[in-house]
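One chain, chain A, links the two complexes that follow: it is found with chain B in the first and with chain C in the second.
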Partner chain A sequence: MKISTGIQKLDEILGGGIESNSAVLFLTGTLIDKSSFSQHILSTRILEGDKGIYLTTSKPPSVILKNMYEHGWESEGMVFIDCISSTLKQESDASYVLKSLVTRPEEAWEETLKLLEKALKETPGLKTVVFDCLEVFMGVGAKRVANDIKKLKNILEDTKSTCLFLFTDWGYSKEELEEVCNVMDTVIRLDTIEKKLLWMNYFQYDESPKILFQITSVGVSIYVPKILVTGPFGAGKSSTIHSLSEKSVSIDKLGTTIALDHGYIEKKGLVCDIFGTPGQERFDWILKILSRDVWGVILVVDSTKPETFERAKEMLEKVRGYEIPFVVFANKQDLPNALSLEEIKRILGFEDVIPTSAIKKEGIEEGLKILFDKIFKLKTI
Partner chain B sequence: MRINTGIENLDEKIEGGIPQFSSVLLVGPPGSGKTTFCNQFIYKGLEQNEAAIYILFNAPPDEVKRSMEKFGWRIEGKIIVFIDVYSWQVGGIEKDTYIINNPADLNEFNIKISQAIKELQDKNLKRCCIDAISTLYLYVPKDLCAKFSSVLFAKLKSSKLTSLSTVEKDVIEAKDMATLEALTDGTIELGFDPMAYTQRLMWIRRLKDTKPPLEAIRFTITDKGLVVEK
Partner chain C sequence: MAEKKELEDVLKELEKIGDIIGSAIVRRDGLLIASGLPSEVNARAVAAMAAAIVGTSETSTKELEIGEFQQVVVNASEGQYVAIGAGEEAILIALLRKNANIGLILLEMEKAAKKIEKLV
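Our next item is the complex of A and B:
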């Protein structure tokens, strides 16, 4: 049976979610906050009725609970296997406590497995386990780790437990990684792409596209780095950005944008940076610069001014909008002399035209959703 | 290109300083002068309007600033980022500091170091000290320490940093020391003359692209910091 991770896009590329009672590996890069990513999933599972078990080797339970609380993630009834507090010489009130993580690797691994097995057997009902993190035990060798996980999988099955293993690749050999990956039912990659001094996180399953994400105050959100809003002078681009975005900055002069608008969208499960372009022809040189690395374009037209539609198409051409997903916002639909949607479609020759009114905030969200759907259908990095 | 240490008469003995972009281990027992060596190295850079990153496991930034001031090394207004892996034990929070709350959380550590490098990248960032990298071995299994150190030293090198990492000799085993040596470009050992215990000695055990002096180097710690005998 497939169970949801709470991250819609991840569920989609997994074909509906992760397999219940299975072993899932999150193989991660060194710059990813893998703990937070898994805590989002764990909280979803707890909300859906699972018991949460958290095995920690790097931070005390109190730190994990605080982080979950700050993101608004459910942690009710979570059981901790605390493998770190005693090593940090700190008290622990967890149900299961490892004596020492650093003395002898074999001993630490065996003891940890025993504690996990005990927790699985003593905790009733369906369970989701976060094992944070597995690479700590690689000192016993990849073969040993893989063999023991093979045995553990029977216990997972018997105790109705799904285990999310977190594993940062600090430079293990191909053979070592294969040993560990091969024993898992599912392997999901979490890593970063570095671009112009910015890191972008992504997740990927199998041959799926790399899905960018950010971990915001509300959890794991899919990230769309750049949406461009363009269109003729006076079509309502700035108003469109303002109505899309909570925080937006407009560098303008007497109500007309001369440089660019910037907005930031944070909706449920999605964050997006959005940039506006000026509409006047004398600023067309900016269009080319702004069009770099764009994921999608919103072309805003004034529904009352069909004479500007040719200019609109020219601008779309200049930001290379024909090559990437785009939608048309037929703005000012609230005005009495606005052309009908059918007419606008006919004149422009485009199908994805959405009637909007930026002033009244109508049609904007629907239009954005259509654009995102188009982006995720096509976008691979 | 060489990075000067700021230690009187030492640079002359090692062809002008530490080869740039190299990672050097500073090994010795407690009290042998490792921390002062680091402080001096960091200050020399700051004085030359370079930026620096100082990763602290064994003392909070304030204490380090105070001990630097004793030598007249004032760092106000200089560009330095402290990464504080000490204060988690006492729950202290300091401003202008990257705090690592969980010393065993290598992901968090790696992210913070990368952020610090990014912050200083266009500010003439040249130097980094880690005092003491051996402390990590108290919280993280050795095998993982070695993996992490390898990622860390590679990152420092690719960010064009020249680094000193101190090693408390008794904290780590000979085998782990050998692993650290394999990951770095040089080892400088500090200690005392077994025949005359008040005489401080320094051995350049190995140093990339350098013909180090074979015999022990005698040095003292004065009010100007470490001073090597001519």
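Our next item is the complex of A and C:
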């Protein structure tokens, strides 16, 4: 059975979620906050009724709980296997505490496996386990780690537990990595790439496209670096951006944008920078500055002014919108003399036209979703 | 590939100069690369505007045929703001205290911009 991770895009590339009662490896780069990533998933699982078990080798339980609380993640009833406090010579009130020092991998690994097995057997019901983190035990050798996990998988199956193993690749050999990956049911890769000076995190499963994400105050969010909003003078571009983004800034004089609008969306699992252009021809030179490396374009037109549609198409061309995913927002649909959607589609010759009213905040979010779907379908990195 | 930390180190080094309140590296198309601006500043919006300011200034420089663009300095009643190019892809900005020694700061910013250019 597939179970949801709470990260919609991740569920999609996994064909519906992660397999229950299985071993999942998150193989990560060194700059990724893998703990937070897995805590988001754990929180989702707890909300869906699983018991959460957290095995920690690097941060004491109090630090983990604090991080989860700050992101608004659910940690109700979570059971801790504390494998770090003894090493730090700290007291621990966790249900299971490792006595061995993690600096002595042989002993620590053996005892950790025993504690984990005990926790799995003593905790009733469906369980999701975060094993944070596996590479600490690589001192015993990749072969041994892989062999022991193979045995552990039977216990996962028997105790109805799904285990998320977190593993940072600090430069292990290809053979060592293969050893660990091959024993897992699923391997999800989390890493960082640099594209023209932007450092971006992504997750990837198998040969799937790399999906960009950021971990924000509300959790793991899919990241689209840049959306451009353009369209003729007076179409309602600034209003569209203001209705999309609570924290937006406009540079305007006498009610018309003269340089740019900027907004930042952070909601519904998405983060994105939005740039708005002026509409008047005398500012067209700025289109070139703002339209570099854009991921998607929203073309806003005034539904009551079909005479401006030619200009709209010209602007789309100037920002090279035809080469990238774009949608049309047929704005001011709340006005009595607005043209019908069909008419607008016919005059423009575009299919993806969404009726909107920026002032009434209607159709805006639906339109954005359509654009994002187009971006994810077409744009890969 | 440059590490983000290296760029952040360039900013930290620059911010050691007393009269610099904060600084940031911005991509020419307006996205924020690294920020050392005060946390209450909307750095993403400032980044977008910096790209527009520098882009506009460069275009004007060309249009007016007055040679090579060098920097933009914004003078305000409570402080100053400087933006310079840092290679083909990036812009370096700095927020300065009122009455800051702008000559010295520009010199240091030029050095930092060269470092950034090499890193990226």
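In this section, the second predicted complex is superposed on the first by the 374 of 381 C-alpha atoms of A that agree within 3 Å, B and C clash if a C-alpha of one lies under 4 Å from a C-alpha of the other, contacts with A are read in each partner's own complex, and residues count from 1 in each chain.
Note that a contact is a pair of C-beta atoms (placed from the backbone, for glycine too) under 8 Å apart; a residue touches a chain by one contact, two chains touch by 3 or more.
Since the structure is predicted, the reported quantities are computational estimates derived from the model, not experimental observations.
Peer 1: On chain A, do chain B and chain C fit together or clash when superposed?
Peer 2: In the arrangement built by aligning on chain A, the partners chain C and chain B clash.
Peer 1: Kindly classify A:264 by the partners it touches after superposition: chain B alone (first), chain C alone (second), both, or neither?
Peer 2: In the superposition, A:264 contacts chain C only.
Peer 1: Now for A:65: first (chain B), second (chain C), both, or neither, which partner does it touch?
Peer 2: neither
Peer 1: Touch check for A:273: first (chain B), second (chain C), both, or neither?
Peer 2: second
Peer 1: Return first, second, both or neither, reflecting whether A:30 touches chain B, chain C, both chains, or no partner chain.
Peer 2: Only chain B is touched by A:30; chain C is not.
Peer 1: Regarding the shared-chain residue A:359, is it in contact with chain B (first), chain C (second), both, or neither?
Peer 2: neither
Peer 1: Which of the two partners, first being chain B and second being chain C, lies in contact with A:200: first, second, both, or neither?
Peer 2: Neither: A:200 stays clear of chain B and chain C.
Peer 1: Kindly list the residues of chain A that each of chain B and chain C touches, one partner per complex.
Peer 2: Touching chain B and chain C on chain A: residues 31, 197, 199.
Peer 1: Within their complex, state which residues of chain B touch chain A.
Peer 2: So the residues of chain B in touch with chain A come to 101-108, 110-111, 114, 118, 121, 137-144, 147-148, 150-151.
Peer 1: Flag every residue of chain A that touches chain C in the complex, lowest number first.
Peer 2: 31, 194, 196-199, 225-226, 247-249, 251, 259-260, 262, 264, 273, 275, 285-286, 289-294
Peer 1: List the residues on chain A that touch chain B in their complex, please.
Peer 2: Of all residues in chain A, those touching chain B are 28, 30-35, 57-60, 63, 84, 87-88, 101-102, 105, 108, 135-139, 168, 170-172, 197, 199.
Peer 1: Give the list of chain C residues in touch with chain A in this complex.
Peer 2: Those in contact with chain A are residues 1-2, 4, 25, 27-31, 33, 42, 44-45, 48-49, 51-52, 55-56, 59, 89-90, 120.
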